[in-house]
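You will see subunit A twice below: alongside subunit B first, and alongside subunit C after that.
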Partner chain A sequence: MPKLTIDGKEIEVPAGTNLIEAARRLGIEIPHYCYHPGLSIAGQCRLCMVDIEKTPRPTIACNTPATDGMIVHTQTDRVKETRRSIMEFHLINHPLDCPVCDQAGECWLQIYYMQHGLYDPRMKDEKVHKPKAVPLGPHVMLDAERCILCSRCVRFCDEVTQTGELGIFNRGDHSEIGLFPGADLTNKYSGNVVDICPVGALTDRDFRFQVRVWYLDTTKSICPGCARGCNIDVHVNRRRPHHAEGRRVARVKPRFNEDVNRWWMCDEGRYGYGFVDAPTRLVLPVRNDAGETRELSWGGAIAAVVDALGRTPADQTAIIASPKLANEDLFAIKTLAEARGIRQVGFRVPPPEPGYEDDFLIRADKNPNTRGAELMGLDGKVDKILNEATAHRVRSLLVFEHDLFDTGWRESDVRSALEAVDTLIFVGPNGSRTSDRAHLALPASAWVERDGTFTSFEGRVQRFRPALGALGEAIPTWEIVGRILAATGAPVTATRAEHWFRALAAGVPAFAGLTYQSIGDTGAMTAGTAPQAPAEAKA
Partner chain B sequence: MSEKILSRNFGVKDSHTLKVYRETGGYTALAQALGREPAAILDEVKKSNLRGLGGAGFPTGMKWSFIPKNHSGPVYLVINADEGEPGTFKDRYLLERDPHALIEGMIIAARAIKSALGFVYIRGEYVEPWRRFTAAVREAYDAGYLGQGFDIVVHRGAGAYICGEETGLISSLEGKKGWPKVKPPFPAIKGAFGQPTIVNNVETICCVPHIINRGAAWFAGLGSKTQGGTRMYSVSGRVTTPGVYEESCAITLRELIERAGGVSGSGRLKAVVPGGSSAPILAAHEIDVVMDVDGLRNAGTMAGSAGVIVFDDTVSIPEALMVVARFYAHESCGQCTPCRESTGWIYKMCHRIVEGKGRKDDLDTILDVAKRGAGTTICAFYDGAVGPYISYIEKFRGEFEALCQR
Partner chain C sequence: MNLGQRFYLREVLSGLGLTAGHFFRNMGKHIARSLGKKDARGAVTIQYPEERRPLSPRLRTLHRLVRREDGSPRCVACMMCETVCPARCIYIVAEEHPNPEIEKMPQRFDIDLGKCVFCGYCVEACPEDAIRMDTGILEFSAYDRQSMIYTKERLLSLEPAGTDGRPRSPIPIPPRRHP
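For the complex of A and B:
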């Protein structure tokens, strides 16, 4: 463990740590563009120069490992002048189109110019012109003039996805990023190049021109797209809803978690939040009666559910929970089933086709909480429930979230099962052919509208937080179930998701000892599970 | 006039053939070297004061000694025949007229560094040198000099100046874009294909057989105190008989110009670039400088590749700088920022000045930009460009100012 001194502060770092990371540990930021901790060292941008004692001229920090006794200065006049020079070089051919650039507000050229540049521009000649608004693939747009050729995107495609679509073509100040002939940026992680692009060269085709980044609010969350549980930030546009025609979730960005997804996430997860603001959202409790739809108050809706449950013996009642539900919801459902003596409870529904999986982040199981449902013992056979329904032995059926018509089962089998029950109750954020057939359809908050936790495939319990208010009258599933429980006379004191989590931790051994505090921002393992190796770039 | 060593056969008919090479003492050094331990060969080269003749002037024996002692994988010897420095054409002469000298030198050098495979990276535009050299390689295989524990792969470049930078060359050899590599690691530790690699210039390796044959002391004695041997000076521009001149590096620039028949054109000397286009320019009154590494360094310029370009007083220095600046802007690989951006910028300013649209502050801007960029880049390309940018303007500022009246 070499011990070195940076700006007069001593620090000991693991062998091999470079000076940017060593300084970061001391809270000292060494400005840089091409360096990214998840990629190889390129040493191209030349911005991360520092002075090292006994070294004749400034040295790049990214390619310099800390050594014992090294004395580093990041704020000498020489270093400051060098940074100013490098900033000028970066900007002489950069178009000053910040007013129409999506990166404005989170652009490292803007940030570092203000911190380290602030020179008077001297470039009076024509700038180099390059292609603009070039689609590289379904998600990424290139503006080659804005590019500072840091090569992060090229290295990402070479080293992380190993798909190698991008290269740098031509030479000198005519160098530009581009696709190799015949290639398109269609790898399943392409959106990450937008995240790592420090400037406005690569922008997100989904996000561009929607909203200015300074109107966005950020909330820590977990991707609900598969069992991996990638940590994400949800960026929402509450303050300028008219900028994006009412679309509230502006974009999703990966959030660093060393043990789960590091800096990355897949495109499927990144662009999979559309259901949150989709027209299919359920916004009011409704009763469907012989083709007639009536809006209900929550009180009326809960009373109707309790009435149906009261009319049906427990052995003729079944629940199809969902692996998309949070642990808190699932434990509320478990509590309801146990209070009512309902034994037919399942959650596992076959997907229409097997999910894609790779050896990096993407899991075949497209549900965020299969593991949580398993740990709570909710894994009854759903196909058996449907058979029992068809045979009129299940008369009240509660379905959470699933569209049973969009599964690996035959539509006709599902239809005859659902038509056979006396009362079909649907709870979920989005309507579907299943909710259309439900006698009672109750609107649940989407995951970004509420608190909760998911348990990833490896047993990591991770928190997501509310980024938005619920649409319409929607409330969290745990609350819907809690109201049903209370209306049946069960003592329910839980008024927050966290209360349900406490009950879960007390009631299910795998969750024993876990609290929202101990889960924190990066998750905690359920009992008896060990974290697996962090997601590595494909070696 | 010193003894001709490397160019001794240049005037001989069919000097590029194995037959003539053997008749003039070729491959006798190899026979000697094969009887010596690698360490002994290395020691001999160290004592000879042989320095790299491609441009940087690094002591060759010391470079060879950087190969890790305990390395178990392959070690590569790479010959830099990507002679691209403007004003330099000595390696072309060697490849065309004495290719076996390079092959013999390579086999001996490979023995010193324990390499079984050598690459010769030949500049793309060098078609005839490539033909002659590959023919010589075939002859050497047929005669059994090659293929007996040492092989040579001939690789042609595609015409990029940056591929003459040793790590750019290695990238290109590996099949990648010819981008110089971030150092460390240095090639001797991790070079071509990730293995320890020595990159030497053609002329440097051509010296090796002579060092083995005639001894380090003799070779060292041919040169100056810190640099052994002779040098092949490429003399071009306004001289009566341009060409390659093999001389002791103790010669002065004035003597060298005289050797090339003196200044032509107007006959009045204005300036000389002494070491390829990257070497800072010398004014007419500065030519009594000794042409070795130290002599030229003390004069504020460099020996570089020994490409001497002579300007008579009809040459416009601003125009010359514009041409040089265009070259560096065109050849900058674009990998790292200061070089990529400022070579283009400086060319634009130079071009504007020559067009008569110069501004009063342009000259100071060029000087400032050049000085700010110097020493900040991955490779020495930009430092090479800075040499002319600064020296042309500082030494001939009046000429530039006359064009910057706006």
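For the complex of A and C:
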């Protein structure tokens, strides 16, 4: 363990740690562009120069491992002068039209220029012009003029996805990032190159020109796209609703979690939030009697549900929960089933086609909380419930979130089952053909509108937080179920998701001892599961 | 107050005397001026709206969007003005410009003059000199809030004031007196 001194502060770091990481531990930021902890070291940008005592000239910090007794200075005049000169080189051909650039506000060139720049450029010549607004693939747009050739994107495609679509072409100041002939940036992790691009060279085609980044608010969340449970930041636009056609969720960015997704996330998760602001969202409780729809108040809707449950004996009532629901919702459903004596509870619905899976992040199971539902013992046979329904032995059916028509089952089977039940109750954020057939459709909040936890496939319980207010009259599923429970006379004291989680921790052994506090930002493992090795760079 | 004061007669008469004094003094000055005495200047009434006061060139008047040579807006939809606007009365929606050198242009650029406080920050923030407050138009009253929202097309159609400070664009006085 080498012990070194940086700017007068001593620190001991593991052998092999480079000076940027060592300084980061001390809270000292060494400016850099090309260095990324998830990629190999390129030493391209030359910005991370530091002074090391007993070395004759400034040295790049990214490629210098910390050694014992090293004395490093990051703020000497010589270092500052070096940074200013390097910045001047970076800006020789970089257009100075920050306001137009979509990266403005989160651009490291802008940030370091303000800190270290030479404010009066000495460059008199015409800048080199390069292609602008070149689509590299379905998600990424390249502006070669804005590129500072840090090569992070090239290294990402070479090392992490190992697809190698990108390269640096031409020479000297005509060098530019480009696609290899015949290649397109179509790998399943292509959105990450936008995140790691320190400047505005690679922008997101989906997000480009939609909202300025300084209008966005960030909330820590968990990707609901598959069982991996990648940690994400949800960026929402609450303040300027006229942007992006009123869509409230502007984009999703990966959030670093050493044990789950590290810095990355897949494109499917990154662009999969559209249902939150989709026109299919349910906003009011609706009763549907023989084609006649009537809007209900929540009180009326809950009374109608309780009425239906009261009319049907428990053995003729069934619940199809959803692995898209949070642990809190599932436990509330479990509590409801136990209180009413309902034994036909299932959640596992076959997908229309098997999901894509790779050995990096993407899981075949496209539901975020299958593991949680399994741990709670809700794993009844759903196809059996449907058969019973077709045979008129299930008369009240509660369906959560699922569109049963968009599954591996035959549509005619599902239709005859749903037509056979007396009361079909649908609870979920988005309408579907199932909710259209439901006698009662109750709007639930989407995951970004509420608190909750998902359990990933490896048994990691991770928390997501509300980024937005609910749409219309929607309320979280745990609250809907809680109100139904309360209306049937069961004692319900939970008024927050956290209360349901406490009940879950007390009621299900796998969750014993977990609290929102102990889960924190990085998640906690359920009892009896060991964390698996973090996803290694490969796709 | 004593009885004399409670009748106000003395005060009324002294007020009338002051008004009459100004009237006759002004009349004398105007007569002297029309008779050739150039340095005599009486009080002036401007017959608005037929006559207008000269405006300072620095005065902030109704906004306009500056056009490129081909008539398209010079605005690149960077939203600096929208960001800086303390009244939050500017609403911009950006779209991709067909020319990648320009990159961006406003698909929608609305100013809600019902909210605008005429601070001029939008003009100062603009990196392209695309928005100016030099039309010389001070009258943009309307009968409803919707007509106070100036769209991109309307803002683009406005001309800068002439060198004498007079507006060259038609003053948007609502045509309907009774909505």
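To be clear about the criterion, the second predicted complex is superposed on the first by the 536 of 539 C-alpha atoms of A that agree within 3 Å, B and C clash if a C-alpha of one lies under 4 Å from a C-alpha of the other, contacts with A are read in each partner's own complex, and residues count from 1 in each chain.
Everything that follows uses one rule, which is that a residue touches a chain if its C-beta (ideal position, glycine included) is under 8 Å from a C-beta of that chain, and two chains touch if they have at least 3 such contacts.
Note that the coordinates shown come from a computational prediction; the quantities given were computed from them, not determined experimentally.
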Consider subunit A as the common anchor and indicate whether subunit B and subunit C clash or fit when overlaid. fit
Is A:Ala512 in contact with subunit B, with subunit C, with both, or with neither (first, second, both, neither)? neither
Go through the superposed model and pick first if A:Ile86 touches only subunit B, second if only subunit C, both, or neither. first
Touch check for A:Ala364: first (subunit B), second (subunit C), both, or neither? neither
Between subunit B and subunit C, more residues of subunit A are touched by B
Of the two partner chains, subunit B (first) and subunit C (second), which one does A:Phe209 touch, if any: first, second, both, or neither? second
Contacts of A:Ala527 with subunit B and subunit C, given as first, second, both or neither: neither
Using the touch definition from the top, say if A:Lys132 reaches subunit B (first), subunit C (second), both or neither. second
To make sure I follow: the centres are taken over C-alpha atoms, the vertex is subunit A, the ends are subunit B and subunit C. What is that angle to the nearest 10 degrees? 90
Where does A:Met49 make contact in the superposed view: on subunit B (first), on subunit C (second), on both, or on neither? first
Classify the contacts of A:Ala278 with the two partner chains as first (subunit B alone), second (subunit C alone), both, or neither. neither
After fitting on chain A: smallest Cα gap, subunit B-subunit C, Å: 21
Touching subunit B and also subunit C: which subunit A residues? none
Where on subunit A is subunit B touching in the complex? 41-47, 49, 57-58, 60, 63, 81-82, 85-86, 88-90, 92-93, 122-126, 128, 148-149, 167-168, 170-175
How about subunit C: which of its residues touch subunit A in the complex? 76-80, 82-83, 91, 93-96, 100-101, 103-104, 108, 127
Subunit A contact footprint on subunit B (complex, rising order): 160, 162, 177, 182, 184, 329-338, 340-345, 348-349, 352, 359, 361, 365, 369, 372-373, 375-378
Listed in rising order, subunit A residues that touch subunit C in their complex are 97, 99-100, 104, 131-133, 208-210, 212, 214-215, 240, 242-243
